[in-house]
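Here it is: the structure, laid out below.
Going by the order they are written in, the chains are A, B, C and D; count residues from 1 in each one.
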């Protein structure tokens, strides 16, 4: 029985983690904290978990977290994790960080997009990007996992085969992404009020979203050349789910006899959480909502390739992948506790 | 052309007022303020009104408001209006106050429910409760209108004939009310975030909501005896609209030959904004959303009377009635500018 | 390993059953049918379950169902189950019927509310009403379970202690119920289109809903006297969840020293799926959505008692309770496979 | 006072037309029909309009429509209008057709996308494409208006300046479009049920939507060369509104000193219903919902141009533009009756 804890458990990602960990047969949820002076039972913060856990949740006490846990999940805001991670690692703990702090290897890019200087370059270089479908072997032995961002998780899974196999014009990638509102976390601001979002739809951070360099970094590595995507996110009036519609151009004069759909099926053949639709069929958010799946559909027409990927932003886009990473690290069956 | 202004125009009620006043043929919107240090064009605060008005909106400047307007609408938070009203009245202006400050004649009850002592008892006594269907004659000559609360508007219209004519057991009234989220104003708090309200439904302030004494006050006056309702409001995951399901008992041994539905039709015969459904048919929120109507349906079975009333909380429950009051005060056709 | 099947698996209740049964460690989903000439993999009907089951689903073939299964769940429309149940029982199978066909013991009432004559009075008398909190002992040995309706599940659990212990005026019960749209099943009719329900709210079948006699039957039995509730259901613009606000009067002159909340806690002390809130606190739909819990809150003021109960209509109101019943019948831990 | 009628008034487009026409000061709604054997007052079909119109609505009676009206709006399904239009024109009536029947000049393309042979080529050639911003002069004298499709209205307005002025690589246009559910009409099918669409999001008809050739036809004409866009529509879980995110590439080596935003402002300077946002700012659906505006925002970065356009699909995308066309045809002020 692995003892796990959650630092920053009061947001939507934290809630999703609690939900999985409470039924996961291999772990015991032994610690939970949140940013608040008030110490309350988790069952009171989330009445949904009432009668299912006795864990108490107050401001973070690292000493206690270290004493009680083997593995810590950090569901802290961006720029807060890097103050905590070094201490946990120094105490010999394993860490799965759901913030962006250890994702970008280039600290200059990190500062450009997150607005602060990176304070833990040492561990940054050791951190493993926690996308099991690409980096399973490294995850096995890692101490520090940088859990992927929600948009990048879908985008990278949707584009990895093409990037790795050079199957299209990688300079032409446009990602039109749409996310449910929990993707923004529990931000208390006018823009996230019910009456502002309900019956509305909008783009935001057009061309400048902080997930862009994360996508570029991983795709560039796969393609072994610089990839720069055009990324435009939108806010959907739903709670959970991301759907990304991705547009690329075929490479002129270079056509494959094998359909992309077929190549994708081969690429992901052994992956338990990737499902490739039949050619021309596309996933919808409902197909993956509440699950750890990433469903992908492809269509080729004229010189276009359209790829659509769908995930649950709180699961495959955050807490689900985090638990999948934990399963790999602790040699549990990879799907344990996940749906 | 009457010059009107809105003090506190940045909330949902203010927005609804701007929308009506911009197309109302008898008035000119000459002033708008909001609680913010930032002075911005109304067309920037509400891009919807872009290119339709040049009004600038900054922190309230009473001198300017008085100089530019004949009539002021106050869409301020409760307990803020009573600091402003005396000055406007002293300057000879007419005021339609959409807050609760001048609705409750009993200052002790006001303090119990709104938590502060009333500071303007003089004008409180002169204020006319602005429900045109009941108090049209007084509204005609009034200087200060206390515009009804949203829940009370529907509840009182649904119960006025019964209260006035003594048609049921008035000690048995239960009002199960459901409101869209704009009813709470633009409150920036966790409880009003999209992801908290979407796919949820809940009761709040069970038995202690501040609109209860307002309903009791008006019904008691109509019935000429003390009426005390049981009132339980709920929060609907929609933007606009209130539906109230009201339960009463018939008076034992005292049955009327004429159906209640028929009596209601007679009572409201000349009212342009009240529609009584056929016996056993009930309104839904869609029937009144975006309109100034209050639709009412009734059904009698066994010893029960069930009445359902629906209004748009921002129109008949706030800004629509406010404009209706203005129309009466300025001898415009009562439906002018209203749908 | 118990072999189970679902007859009528293409609706929302069927989908919820598939979802639970696929992860339940004690059973194998061995058969599924639906009303359609088309035979398709379940993973195609519900892409969500893609890669998780190989079950094929076509028109019902009772012979196959009987050959493959020990227990059959019937998620058929009302009036369809009673044609199937006798054959399954005759073949020695156990049956959990989620339709209304075996709930009402009085066949005249059944005909009044469901419009057809009951064709299986023999089994009707043997059927056990499947509310574990009240009838656990009978469920243990039953062959035929009449699984409760969604509204009655919440209403009965909310009122059972009061009815059984005589704690209030049982002639005064008013149930104002609100349900998410899946409660109506997958009905393809104008009234259930997205644009008709979104941003709307309405009452329906006021005083005449078919769940009324079901509630009356159980409460009357518990109270050992005739109970007749006033029941008004409403349609919420959400997918899942029921919240019922229940009003009763205290018995005059008969006041208990012990708060109702305390008595409810005692009554349900050992129940794994009932949670009683602290006095004056009330559940919201989010607390129970996706779970098999029924959360109940109570408040007493003046001569009023207000009780609010919340359940997930597809789980505690249908498929969750059905699996709970199965767990009892097969001596599994009662919470197995349920959240 | 112009006498107008609506043929096919029971859908969402018809409802929006009724709403506008009832308050339009220049017309009298003199006729309404719908596809149904039942003849009912419009106020019963749409209780919202109760007490506001006495019009009766039954199956279409062309003789009556012709006798009572000067102008007929056809809100019929695609392929139904072309059976009616010749008769109305022959009787000397003016027609604004909201179906697709008279939009595509190429009958082969019409058959490919709408599945039937065009039966009225004569009038097809005379029909004027009713986008006032581009074809105002032709609309003035037209007898038959082909009112634009909802997606094309936004797409063409967003791209017209670029197409007309040759400001970008027109071979690179990708339109990622998202529409509220009323865009599909009142289709009674499983896919449009509330529980299917709520909390979901999906693409449909990827690369093959019937509005694609309509967009191509108009843009090609403006550009005086063949333009072929990539068009992918998606279904938003909201009632009203379209937002289209459009991606193009700049022409290499050809850069303008003037920002696109500035050029768009000049192009649309006199248009009452087009609003161009400041460079880098984008519209959201709320800005245009309930209005006849098309709001457009642009951003240039690297070699990308991103344009976002938002309209209300029932107004600027259908009935609003239809009334705008009527205003032009009858020399009313162009904005009369529109918000």
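Note that in this section a contact is a pair of C-beta atoms (placed from the backbone, for glycine too) under 8 Å apart; a residue touches a chain by one contact, two chains touch by 3 or more.
These figures come from a predicted structure and were not determined experimentally.
Engineer: Using C-alpha centres only, name the chain that sits farthest from chain B.
Structural biologist: Checked the centroid distances; the maximum from chain B is A.
Engineer: B-C versus B-D: which interface comes out with more C-beta contact pairs?
Structural biologist: Per the contact counts, B-C leads.
Engineer: Could you state the distance in Å from the CA-based centre of chain B to that of chain D?
Structural biologist: Taking the mean C-alpha position of each chain, the two centres sit 37 Å apart.
Engineer: Hey, how far is the Cα centre of chain A from the one of chain B, in Å?
Structural biologist: Centre separation, chain A to chain B: 46 Å.
Engineer: Cα centroid separation between chain B and chain C, in whole Å?
Structural biologist: Computed value for the inter-centroid distance: 39 Å.
Engineer: Among the residues of chain A, pick out those that touch two or more other chains and give their numbers.
Structural biologist: If we look for residues of chain A contacting two or more partner chains, we find 196, 198-199, 237-239, 283-284, 286, 289.
Engineer: Touching residues of chain D toward chain A in the complex: what are they?
Structural biologist: Touch residues, chain D against chain A: 174, 176, 178, 196, 198-203, 206-207, 228, 230, 232, 234, 236-241, 243, 245, 247, 280, 282-286, 289, 299, 301-302, 304, 306, 308.
Engineer: Please name which positions on chain A make contact with chain B in the complex.
Structural biologist: Within the complex, chain A contacts chain B at residues 12, 180-182, 186-190, 192-199, 237-239.
Engineer: Report the residues of chain D in contact with chain B in the complex, numbered from low to high.
Structural biologist: 23, 47-48, 50-51, 199, 272, 275, 283-284, 286-291, 293, 295, 339
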